[in-house]
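Letters A, B, C and D mark the chains as written, and numbering starts fresh at 1 in each.
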C-alpha cells in the first residue's frame, strides 16, 4: 500500500473504531465501515485529495438481508483509490444522500433507486432514469427472476422440436 | 402469396428491385462489424447492386444486426414505418431469432418478427460475411419470385403487430423527460 | 390630360384632403390615396415627350420649367407603378399598422408630388426643390415604424442632406459661373469648359446626391437602419422607388452631361470619373452582398441587397456603352419591382406574425402560400435567374463589362449575382420553408386586398421577363435622346456584339422541361402525403418540432470567414461622437455660468475688431 | 420541327450516355478499391427501381421544387451544344446556360428545404456556399476565353478554336475551369453538401422513391451540362462522336481524382477556391488582356 494511503488509513482508524481494511493492490484499498460513520469518512477522504467519486453502486446480499453501498473514491494527486463500503438493512433500504459532497451522486442515487429500490433522503428526484414503462420489481434485486419476466413480457419462438437438445447431441456432450 | 396476381409492371418492378437493393443497417449488438467486410474488396456487396443508404426514406432493406432492447425496438419500429413501401427486413444473428444469449434478459426482445415482419433470418451467433451474401442472394430470389412481401403482411394485419408492440413495450412513443 | 404642374398641385392639395379623410376613416383615406396615384400613373402614361411647362422663376435669368424627357418619363412611370400598387396594398394594411395613419397618407402624397417634380424638372434648381419635398415627405413617415426608427429617420435625413447640399453647392457654382441652369445648356457650356478640375467638381458633386440617395458605398449605412425600422409597407416604397431617385440623378450626371465627351477616356473607352464611380459601385456590391448574407432580420437583409443592386445600377450606367447603359436602366426597373414585391411580402408576413426576425418564424408557406409565391418570384428576379426580368439586365451588364474587358468589375458582379442566390435564399428557407412554429399554427393568409398588388407585380415581372419589348422600347428612346447608340433587339431576341439570346425560347424550353418532368411525375406511383412533423430524425421521435428548424446562423460557416469585417457604421458612429465631444468642449468654453466669462469673451472680440479695423 | 428532333436527341444522349458513364465511374472506383463493382447498367436499374416505388411527399412545394429542378436542368441541357449537334443555333449564350442552371439548383434547394428537415436546409446552405466558391473562378476563366474570342455563344467558342485547343492556348484557365468543374459535379473532394455521414445525405434526406429517381435524373443531366460546357469551350472542335469521347475522358479523369480524395470541410471549400484557383483565373485574365496567349 502506498505510504500516503497508509497514514490516511491510520488517521481513519482513530476516527472509526470498527474499520476493516482489505488491501487489493499497491494503490487500492477497500474499507468497510458501519453505516452511521459513512458521511464523515467520505468527507474526511474528500478533504485529503480523494475528491473524485468515480462510482456509487450497491450489491444485494439477499442471504444476509443486506444492501452493500459502495463508494469508489479516486485521487488525482497520487492515483490512489479508496473503495468505501457499508451495509444497510435490505427491508428498510433507506440511506443518506451524498449529493452535497458530489453533485453527480444525484444520478447514481436515481439509478440505485430504479434498480434496487433504495431510498436516499436529501435527493428528491427519484424519477426512472433508464428503464421505460417499468412495472415489476427493481430488476437488479436478487429476488427478481429475469427469465420468467422475459418469458412473460417478450414472447419466445415456439420450436416444434427441441433444437437445443439436438444441437447438444450433435456436439456429442450428451450420451456419447 | 402466389405470385400470379402480380401484373406485368409488378414483375418488371420486382426484377429491378432485386437487382438494386439499398440497405439501411441498424447496427446493434456484435453483428455490425460483419458489414464492412461484406462491402469492401473481398466480398464486395456492390456487385449485386447493393449499397448502404443514409436515410430510411431511400432504403429498401432494414438490416438489424443483433439484439434489440425495448428502447432500441421503439426506434426500429419508428424507422421501419418511415421507409417507403416495398420494404424488406433481414434479421441477422441468433439474437433476432430467439433472443440468442440474452434470451433471459429483462430488457431484450426474444423474437423480432413478433413486432415487425421479417422476410429473412440469418442464424448464427454472428454469421460470417459469406452467410450474409448468401442471404442477400436468397432475398433477391424471393423478391424475384414475389414471395418477399413482409410489408404487405404488416399493412394487412397492422393492428396485430401494433398490439404485440404495445404488449411488450407499453407504448411505442414514450413521453419522458428526454422527449418533452 | 392635365399638365404636370397641375398634377403636382393636385398631389399637394390631395395630401391635405387625404389627411382629413383618413382622420374620418382610414380605409376611405387609403382608397383616395390609391385612386389619386393611379390617376397620376394614367396621366403620366400618355404624356408626350418634349412637352415643356413654365413654372416660376426664382433666380433672374433662369426659368424653372418642367420638361418631359424620355428618361424622366421612364423613371416616373416605374415609381408611380410601385407607389400605386403599394397604396393599394396599404388599403388593407393601414387598418392595423402605422401609428398615425392620417399623417402617413398625407406624407405619401407629398412625397409622390416631390418625386414627379424631380423626374420632370428641366434644370438643377427645380430638381433640388422637388428633391427636398420628396425627402421631407419620406423623412416624416420613417419614424412611424418600430421603436428606434426615430434614430433611423435622423440618420436618413443627415445622409441625404450631405448629398443634396453638395448638389446645391455645385448648382450655385454653375450658376455664378455661367448664369444658366438648364441641363442641355449646362452640358453645352461644360463641353467647352477649359479647366478639367471644374468639370470633375461639377459632375462628382451632382452625382453625390445620387450616391447618398441610392446608398452607394461611402453613404450606404442609412439603408440598413431605415429600411429595417420604417413601417413595413413604406419600406417597399422607400427601397422600390425612393432609391431610384438617386439612380435618376446618377443617370443625369453620367449621361446628360456626357462624361464620355467631356473627359479623356481612361480605360477602354471609360473616362476616369466613370471608372471611379464604377469602383464605388463595385465596393457597394461587395458590401451589400456580404453584409446581407449575415443579417438575421429579413428587412435589413433586403436593405443590404438594395445597396448591392444600387451598385449594379451604377456599374451599368457607368460603363457608358449602349449595352451597359441599357442594362443599368433595365436594372432600375427590375430592382424597383423586385424590391417592392419582396418588401410587400415581408409586410404581409409581419402583418400576420408581428416579427421580422428570420429565426423566430418558419414554415409559413403552409399558411400563406400566395405571399410565398410573390416572394419566390421576387427573389428569382432579384437574383437574376432567366425566366424573370431580373436576368435580362444582369445579362446586359455582364456583356457590357465583357466587351470592355474590365475583368475585376466582372468578377465583382459575378460575386454579387451568386452572392444574391445565398442571401435571398436565407429568408426563403428561414421564414417560409422548414418547420411551422406552434405559435403560427393559426396564422391565416393575408386578405385579397393585400394579395392583388403582390400578384400584379409577380405577373408584371414574369411578363417582362418573357416579353421585354415595352421596357426595351423606352430604353431605346432614352438612348436616342441622350445620343448613345441604342441596343438592337427584334421581338424577343436581344442582340449584343458578344451574342444574342431569346427570352421566348428560354421560357418555352423551361416550360417544355417542366412538362417533361410533370409527365414523369404523373406516370409513376403517387407519393403518400405526410404531414410536416413526420421527419427522419435519426430514429429518435420528437414531440416539440419548433426546435427542429434550421434558421439561426444559416451561413455561420461562411460568416466565420469574415467575422472581423470593418464596419462603416461604427466608423461613422465614432465620427459622430467625435463631433459631439468637440461641440461639448466649445459649448463649455463659451457658455460659462459666471458673467465674468461672458465679459472676457466680449472684450476679446472687440479687441480683434479694432485691431483688424474692418 | 428540326429543333424538336435536335432537342430530343440532346436529351436522350444526356440520359443514356450520362447514366452509362455513371455506372462506368462506379466500376472504376470499385476497380481502384480492388473489387468487382456493379455492372455498367447499374444506374439504369437504380433509377427505374427508385421510380417504381411509392414514397412520401411533404406537400405541394416539395413536388413543385423537384419538378422545377428537373425542368430547369432539362431546359439548360437543351441549350448546351454537343459537338456539332446544336439545338438552338444562335441562342446558346454562355450566361444563359450558367444562370438557367441556377433555376434547377434553386428549384431543388426550395423543394428540399420545403420538406422541413433541418438536415436538408444545412445541406442546401452548404451547396449554395460551395456554389459561391467554385462559380467565381470558373466565370473569370470562361470570360477570359470569351473576351479573347470576342463571342459568348458556346458553339462559336468551339468553332473558333481552329488552330489549337483553348486548353493549350490558355492552360491556366483550363486548369481553373477543371478544378471548379469538380466542385460543380459535387464529386468526392467537394461533396460536402451531400455528405452521407454527417448530414444523412444532405438535401436528399426526405427524398423517398419517385422523387429520388427524378433527382437522380436531374443529377445525370446536370453532370452532362457541366462537362459538356467544359468540353465545348476548352477541348477544341469536335463533331458529335469526338465530343462524347472527350466527354468520357474528362469524366473518367474526374472520377479518378474523386475516388482517392477525402471530403473537404465547407469553410475549406470556399477558402480553397478563393485562394489558388481565383489567383490563377486573375492571372489568366491578365495574360489575355496583355495578349500573351500561346
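In this section, a contact is a pair of C-beta atoms (placed from the backbone, for glycine too) under 8 Å apart; a residue touches a chain by one contact, two chains touch by 3 or more.
What you see is a predicted model; the values in this text were computed from it and never measured.
Inter-chain contacts peak for the pair C-D, counting C-beta pairs in contact. Taking the mean of each chain's C-alpha atoms as its centre, the chain lying closest to the overall protein C-alpha centroid is D. Inter-chain spacing, taken between the CA centroids of chain A and chain C, is 72 Å. Put simply, the C-alpha centre of chain B and that of chain D have 36 angstrom between them. Averaging C-alpha coordinates per chain places the centre of chain B 59 Å away from that of chain C. The set of chain C residues touching two or more other chains comprises 534, 536. Each of the following residues of chain B touches two or more other chains: 55, 57, 74.
Multi-chain contact residues of chain A (touching two or more other chains) are absent.
Chain pairs that touch one another, listed by label: A-B, B-C, B-D, C-D.
Of all the residues in chain B, the ones that touch chain D in their complex are 9, 12-13, 16-17, 19-20, 40-42, 44, 46-49, 52-55, 57-58, 60, 84-86. Looking at the complex, you find that chain D touches chain B at residues 26, 30, 33-39, 42, 45-46, 48-50, 52-56, 196-197, 200-201, 204-209, 212. Those residues of chain A that touch chain B in the complex are listed here as 127-128, 131-133, 135, 139, 144, 146-147, 149-150, 153-157, 159.
Interface residues of chain D, counted against chain C in their complex, comprise 7, 11, 51-59, 61, 63, 66-75, 78-79, 88, 90-91, 93-96, 99-100, 102-103, 105-106, 109-110, 113-119, 121-122, 124-126, 128-129, 131-132, 135-136, 139-140, 143-144, 146-147, 150-153, 156, 200, 205-206, 208-211, 213-214, 217, 266-267, 270-271, 282, 285-286, 289. Contact residues on chain B toward chain C in their complex (touch as defined above): 55-57, 74-76, 78-79, 82, 173, 175, 179-180.
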